[in-house]
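Residue numbering begins at 1 within each chain, and the chains themselves are lettered A, B, C and D in the order written.
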Amino acid sequence: MKHTAILLIDCPDRRGLVAAVANFLYQYGANIVHADQHRDSELNLFLMRVEWDLEGFGLSSIEFREKFGLVAEKFQMRWKMEESSKPQRMAIFCSKQDHCLADLLYRHSSGELICEIPLVVSNHEEPSRLAEFYGIPFHYVPVVKGGKVQAERAQLDLLEKYSIDLLVLARYMQIFSSEFISHYPQKIINVHHSFLPAFAGGKPYHQAFERGVKLIGATSHYVTEDLDQGPIIEQDVARVSHRDQLDDLIQKGRDLEKMVLSRAVRWHVEHRILTYAKKTVIFD
Amino acid sequence: MKHTAILLIDCPDRRGLVAAVANFLYQYGANIVHADQHRDSELNLFLMRVEWDLEGFGLSSIEFREKFGLVAEKFQMRWKMEESSKPQRMAIFCSKQDHCLADLLYRHSSGELICEIPLVVSNHEEPSRLAEFYGIPFHYVPVVKGGKVQAERAQLDLLEKYSIDLLVLARYMQIFSSEFISHYPQKIINVHHSFLPAFAGGKPYHQAFERGVKLIGATSHYVTEDLDQGPIIEQDVARVSHRDQLDDLIQKGRDLEKMVLSRAVRWHVEHRILTYAKKTVIFD
Amino acid sequence: MKHTAILLIDCPDRRGLVAAVANFLYQYGANIVHADQHRDSELNLFLMRVEWDLEGFGLSSIEFREKFGLVAEKFQMRWKMEESSKPQRMAIFCSKQDHCLADLLYRHSSGELICEIPLVVSNHEEPSRLAEFYGIPFHYVPVVKGGKVQAERAQLDLLEKYSIDLLVLARYMQIFSSEFISHYPQKIINVHHSFLPAFAGGKPYHQAFERGVKLIGATSHYVTEDLDQGPIIEQDVARVSHRDQLDDLIQKGRDLEKMVLSRAVRWHVEHRILTYAKKTVIFD
Amino acid sequence: MKHTAILLIDCPDRRGLVAAVANFLYQYGANIVHADQHRDSELNLFLMRVEWDLEGFGLSSIEFREKFGLVAEKFQMRWKMEESSKPQRMAIFCSKQDHCLADLLYRHSSGELICEIPLVVSNHEEPSRLAEFYGIPFHYVPVVKGGKVQAERAQLDLLEKYSIDLLVLARYMQIFSSEFISHYPQKIINVHHSFLPAFAGGKPYHQAFERGVKLIGATSHYVTEDLDQGPIIEQDVARVSHRDQLDDLIQKGRDLEKMVLSRAVRWHVEHRILTYAKKTVIFD
């Protein structure tokens, strides 16, 4: 497995930024593997992702944080440095609709998603079979009427106990409280089964069928307090026609959901996403 | 040029419909070129398009209408019969944004759109050059503040004078009154520069840019009283990323607009569209 | 589960074909659910698929074959009638690359593919786990050097024993002999990991990477004696850029392979495919 | 109009490259607008495009070439520096099929393609009307049997006389000699009406129709001595079905050709393309 470091930066744009970062890394012998920058001229923002080989790099993780902190301060950077050898710890939440769960677990087992999955959580018992097959601990957390606060408490305990970095809602049909969400800012990824902002809210395929659209879509996004309004990570669409009944839309949609959710998860665990102004930058 | 007849039917679904139509046509020697049916099981509707060669067909247009009327009555059909040798007469309305106009006129001149274009109408004078190049009469109908009623009167006069069958709004930025629209039910095609129902209303590319979507779209639809709510004919999308600024969205969108509008126009003039329940069936 | 009959026809085109079929079905009280026709004017061919509800239909399967045989003879039809209540029996062959296997088994278990899967066959032992999880009998048939004839014999025995109608090669990497293929004409579906006819043969992703294409593809097709030359059922593509290395192509390609293979299988088991002149007609 | 400089670099990859370039630009006060790098780890190549605002930049074009030359030498760079205020001079060659010509001229006139078009050349007289409408000088250079050498001589004279930087073959159906091509290395862009490498050579839509593919494509590429083998710049595809006859393929293909050719031209005139190892890198 490769052993690299990834640095993500956003800050006000100004001259000399790239030079400052490149010099810092060069100074300590970094062999840059990928580098990508983005400037938002309207908001005067600079965003950067740089990945380098840690072999032969002259700074330990602690030293890097200390020394690069000085550069960062000078340029008012928000930044984080991650190491590819310390994979993200991801929890998957799902309901009875388990196609996204099956897809994510397969991709993980085949090495496509480099992360750890310490737990699968569901308010249904059925997904336990899939989790078990892939060797992932399963936790059944029922959500009874009036029991949401209690369920979220149990879920948060699990997330904390297992040191979860990323929470993926793989067609988990419950809506979280703002309180819950506040614990995982930009760390909860949801898949919505429509081309947002069209057909937000419930039963999007029914809405799409009713409206007679010629393409259906799916959207993966970070979860914020505002339902279906968080920063969009990925979207995709499929063509439908009058020959497609509601069931056909739902079936075609499942493939879209799997695609947009798995891409979002991969980009997140590879530290390829920065968010700003309710949008995402994907450093692919 | 081929000389065919096209029959479009919709009616309550029941047994024997296809047999009745097929027998009728066979009885008079029709050589069917294309036939397509659709059933909406939820609404119990039957929709059909059939096209046959008029060479060797035993009924004149008048006779057909008389005799087929009896079949139609029995099955409570809404129906119309059109002949390919009598091309639709299309008027194009546009504003200063003339990319859709240029596209439609080129397609017409190259034989891709089989129809007549007796006039181009605009509230700007600039498009006259393009119209002139392609040999299409141009009419400048300004829309001054408070003068919409008067402008629409002049436009309706033109449409009537030139016996227009189809009105295409090729990025014409004025909103028509209900009164105007009522003269051309299912006969006005508009292109909206978003993936409807997302970003209806004004400045859709600005809305899309603001929201941070990963795909932009365009939609062609029939115009009804409800703005941007008419039956959708065609939609398409293009991928965008954080690298695309507002101008890039607008530029990529222009290509989408041309595609979805020209396809809608072609299907309409080839009598391939039936509308029901706020949706379209495209017999392609 | 719906209980319908499907009739697939191809024959020389002539007047009265639709009327003859529609009358026949109407006569015995068929309630047509779907009907679709295609004419190839160049080859003067007529192809048709019609599906009707068997509830209230006046003929048994045996009676239908007898009576419709007379109509068929008159029009020189090649035809077959299938009943949706008698699902196809499908065998899946795979190698160590098991993403298509996992995909097909999941789709089957979730009710998306209406067929029976009596066996999974592989020349590797690893896929047994997946098969077992989904409750499908697994057969390990090794193919040793010089032992192809023997392996094919064992495979044919299995296919016969389990009365297999359809053989799906889900990234099965062995090439079958003509003798083997001749037992299952138009009944073996393969997925090739390129946009055929580009990059036929071995290592298509390597070829694509080498050539610097901007889109990669996958193709599902019926297997014939000519390697990678059989009638194409479905194709799809995904965009790649210079940022994508060979591994990225392979990973993106896996999703394409799953899509084009699962669609082909679904269309086949729903009796939606007719082949003629080295091509397929998909009645979707 | 913006006034920027673009620097394109490729060289063997080694540590310190980004730092060296960034420092050089920072030293003279460059305000970087875009920067993008690519590493090909297999070939150990580093490729870079950087664009900066010339307002406030401390070096003239001549000074830049002199001083940056020292940096370039140290790192064995192949490089070029272009200024956005000195637009490329593009010649368009076409035949009777004028849809790509019409498309390029419209895009140029609407400001989408920032370049100069001093001449349109054709072996047919018909395109002169379009050229005239858009105010572009037209040159009729017939290619009679056995007269190719003479025609190419006339064409080269025109290209030289008008100081042409880029030659675009907008469905120009003549094949150039190696001698001709050698004058414009990586400076001739062609559009081929298939998804290369599938259906290279003549009549690609006929080949595609015959083969029964489910997607048709178009490819824009640099012209090299090897017919249809030059580095691919852009490709796109459209779905077709058995309902599409050869004419439909040709018509759908025209839209693809316009898209892939116009994108290639835009990227070229904006200095976004680097070629290496028979491939292109598109810095978008």
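By definition in this document, a residue touches a chain if its C-beta (ideal position, glycine included) is under 8 Å from a C-beta of that chain, and two chains touch if they have at least 3 such contacts.
In this text, all values refer to a predicted model and were calculated from it rather than measured experimentally.
Going by the stated contact rule, which chains contact chain C and chain D alike?
Touches both chain C and chain D: A, B.
Tell me which chain's centre, taken as the mean of its C-alpha atoms, is farthest from chain D.
It is C.
Measuring centre to centre with CA averages, how many angstrom lie between chain A and chain B?
That pair's centroid distance is 42 Å.
So how far apart, in whole Å, are chain A and chain C when each is placed at the average of its C-alpha atoms?
36
Listing for chain C: what residues touch at least two other chains?
If we look for residues of chain C contacting two or more partner chains, we find 41, 243.
Over in the complex, which chain A residues touch chain D? Could you list them?
15-16, 18-19, 22-23, 25-26, 29-37, 39, 41, 239
Could you list, by residue number, the parts of chain B that touch chain D in their complex?
That would be residues 99, 102, 106, 110, 112, 133, 243, 251, 255, 259, 284 of chain B.
Touching chain B in the complex: which residues of chain A?
Residues of chain A touching chain B: 38, 40-42, 195-199, 210-215, 217, 231-237, 241-243, 245, 277-282.
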